[in-house]
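Note that chain A is present in both complexes that follow, paired respectively with chain B and with chain C.
On to the complex of A and B.
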């Protein structure tokens, strides 16, 4: 079985398993909260993964996630709320409009050689601000009053509201991660990695740099917009301040950096960890210190595992599985917490802490070269590789 | 018809004229040496030929096609490859992956799976099999220079521009590199070699072009060119009157 068949089989298995979660929670009479928790995780996974296709793969650091997400939210809100479109016809338009926005931005910034690095990052940030202002002063879009989504009917075949949200976010999340995986494992992906490492050299070797950067930005915008469109239903009442704030761009950056930018699974893992922590802190009544704790965690992690937590997980996969499984088993057997999600959060915290042990100390604990029981990771980065040329 | 033809190429950086109307031809199958004192415009010419940056005036044709306005990746697709004076590997990739990326793009399109297999051939050709799967940071300068060669060869070029591949190498490494360049030439690749080590250029190239202050001041057989009074003056300066 080739690596690709294995991963694609994994997608089908995970997808099917997740698909039946709402039915299972209903049968077991578990709280609705599990379904809501999961579809919010799906939302963040899709946002972070789509961002990573541009920034993680091509190295162009984007603060523009809010813009694509916002285009998606507002497209569905305006078309269904103000023009009576059905949700299912408005949704693809949301993705496509975001894609067009991405291409328009790319056409300008990727044409100008100097718009790289921090200038590119600031330009993408500006786009979100401009869009927010345009929406605020245009009464056909928002006009400063917000748009109600409560009257928008959801297709009946999707089930009740939460089940429908769950199914839609699941499909969009799977599509996004699949697209990220297929990109990572293709000419496009390797072309983007070479652009990230040294763009002029990549061009000289025949990588169509302009076209590839446009493709990456278009994919980023499309999936962010599509998920934004789905999310407009969850928001119910859409306002400029809720949609175009710094939350989405900031969180996707945190999640991807924590998970690891170089691998397509990095943002998936990062989104799962950060959202679970922040959700548990909120539900423990620690809303005020939530951001502080998540922020502190990120700083510590960024210092301890610079390449992100996912490459470490692959390296020490036995440890990861044992820690995760062990902590969940102990907590649920002795019924120590009131919710499975809390068990999971503690298990992840324990795993993250174990994975933070530096390589050298880890080798000494195990008494070997630090890599036994783990496959060599795919992206070796020597100490010299980080020195600027 | 020449493989590459440069006509009246000019390039200025701010107030500095780097190339001042350069005319040059590279014939199919030759090794052409490009020499000249520091700052004479050799690297600028290579950068313009590989579309690293555009020229201000003049025209370039490659294999009969006008290549003046082409972007770098299109020129690479036509069959032109180059190396860098200071090696510029993709440093999050292993040597094998560096070579695979070039093979995937370069002169013709190949899939990732094909490229992974094909990389082996260039690793063996340059003797890098032993370090194929380690981090770039662990390679020596000599290995990095050979990786530059392997990577540019993997694009399957018809014309290879070598920008000081020997700089910083010790005498035995230089000899090894010279052999390598001969073997590349034997495979039918036309070569333009920019080099400071005059002994090597004399030994390798069938023809020399000498640049000074952005102009071609002499060209022809290596022995004849190196004794040309204009060349001697450019390298050693004017003879003092009466000395």
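On to the complex of A and C.
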């Protein structure tokens, strides 16, 4: 079995397993909350993964996730809420419009060679602001009053509202992660990595730099817009301040940085961890503290775990599984918390803390050079370290 | 027509305030390669501190300048020492200062709630005052901030051009390694410059507290306009920032009068995008300087 077949089989297995979760919770009479929790996780996984295709792979840091998400939300909201389209016809339009927006931005900014790095980041930030103010002054879109979505019927074959949301977010999430994986593992992916490492050299060696960057940006925009379109149903009442705020870009950055920008699984892991924490903190009534913790996490993570959690999870996979399983087992056997999600949150917290132990300290704990059979990760040591600065 | 002139003049003055907010960011980005998003929350925090002190001790709000400016100078110094210790580069600074921004924002939201806060008119005699020049009333708070911004921009540009400290800053901006090799204490220069930009943020906060009601969401609303000023003015170019502030302010003022207040941000961001595309090196900077 090649690596690719293995991963694709994994996709099918996980997808099928997740597909039957709503039915299982219904049979076991578990709280509906689990389904809602899961589809919100799917939403964030898709947003973070789509962002990572552009920023993680090509190195072009984007603050513009809110723009693509916003296009998706508003397309569906306006088409169904104001023009009476059916949801299923409006949804693809949402993805496509975001894609067109992404291509338009890329066509302009990728032609200007100076627009790299921080200037690119700030341009994407500005695009979200421009879209917000356009929507605010155009009464055909929003006009500052918001758009009601409550009358939009959901296709019946998808089941009741929560099940329908679950299934749609699951499909879009799987598609997004699959696209990220296929990109990561292809010629396009290698091209994007070479752009991240050194764009002029990549271009000189024959990588079609412009086309690859356009593709990455288009994928980012398309999947973010598609998931935004689905999410408009969950919002119900769509307003500028809710959609074009700083939450979406902030969270996708945080999730991907935590999980690891270089691997397609990084944002998946990061989204799962961050959303679980933030959900638990919110349900404990610590909304303000939640934000402060999120900010502090961002600072610590950016400085401490440069390569993200996921590569370390792979390297120390035994530790990861033992910590995760052990904490969940202890908590659920002694029934210490009121919810399975809380158990999970504590287990992940423990795992993250264990994985954040720096490589050198880790090696001392284990009593070896910490590198037996593994590739070196983290900071380069020796003469290379100096060159790298 | 009078209205348009009035709008432009007011816009120019408000542009001074934008420039004052932009100065610190421009300097630390241009010379230290730190894009300090937390600068916005420093400004707002300073405004809240001025508000709180004024209301608690019932004193003249302008007097509070002597309190907040030194305090935020120290804040600027400390934050740069932290960046230095953590070896933050240009790219990482975006993420790290974004995190600090979020922390400060939620902190302010927790302490002062999301309500609008305004220094009462019995304490803040400046808010209602205005100076009429040629039939156009100029509100005192924006007039003061415009004067402060112009003063600082000109003085800073002279300092950068003429003094040893200025020379050191420019050397650090061009090539920190080389500067160090030639005996410039880069850490000291960086810390001092960051302290200055902290002090500028405090001063901007004073004028914000004087002129308008403050609430936590204000900081986010400055992002776009202040960054357009920073980029339009050219990184590290203080007179450029002032010029850019005036241009952006005038355009936004004219747009407000002609198309209504909602059009102002749109005009600003169109200017920003145009600036990014056509003159990413800034208006007054020559093309050869990156």
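Heads up, the rule we're going with is that the second predicted complex is superposed on the first by the 370 of 389 C-alpha atoms of A that agree within 3 Å, B and C clash if a C-alpha of one lies under 4 Å from a C-alpha of the other, contacts with A are read in each partner's own complex, and residues count from 1 in each chain.
In this section, a contact is a pair of C-beta atoms (placed from the backbone, for glycine too) under 8 Å apart; a residue touches a chain by one contact, two chains touch by 3 or more.
Everything quoted here is computed from the prediction, not taken from an experiment.
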item: Which of chain B and chain C A:117 touches, first, second, both or neither; value: second
item: Contacts of A:125 with chain B and chain C, given as first, second, both or neither; value: second
item: Chain B versus chain C as contact partner of A:191, first or second or both or neither; value: first
item: More chain A residues in contact - chain B or chain C; value: C
item: Partner chain(s) touched by A:140 [first = chain B, second = chain C, both, neither]; value: neither
item: First (chain B), second (chain C), both or neither touched by A:207; value: first
item: Touched partner set for A:288, first chain B, second chain C, both or neither; value: second
item: Which superposed partner A:28 touches (first chain B, second chain C, both, neither); value: neither
item: Footprint overlap on chain A, comparing chain B with chain C; value: none
item: Touching residues on chain C, where the partner in the complex is chain A; value: 29, 35, 86, 88, 90-92, 94-96, 98-103, 105-107, 109-110, 220, 223-224, 227-228, 231, 260, 262-263, 265-266, 269-270, 272-273, 276-277, 280-281
item: Contacting residues of chain A [partner chain B, same complex]; value: 185-187, 190-191, 193-194, 196-198, 200-210, 262, 379-385, 387, 389
item: Residues on chain A engaged by chain C in the complex (per definition of touch); value: 61, 108-109, 112, 114-115, 117-119, 121-123, 125-127, 129-130, 133-134, 136-137, 144, 245-246, 250, 253, 257, 288-289, 291-292, 294-299, 302-303
item: Chain A-touching residues of chain B, taken from the complex the two chains share; value: 50-52, 71-73, 76-77, 81-82, 84, 86, 88, 90-94, 97, 100-102, 104-107, 109, 111-112, 134-138, 151-152, 155
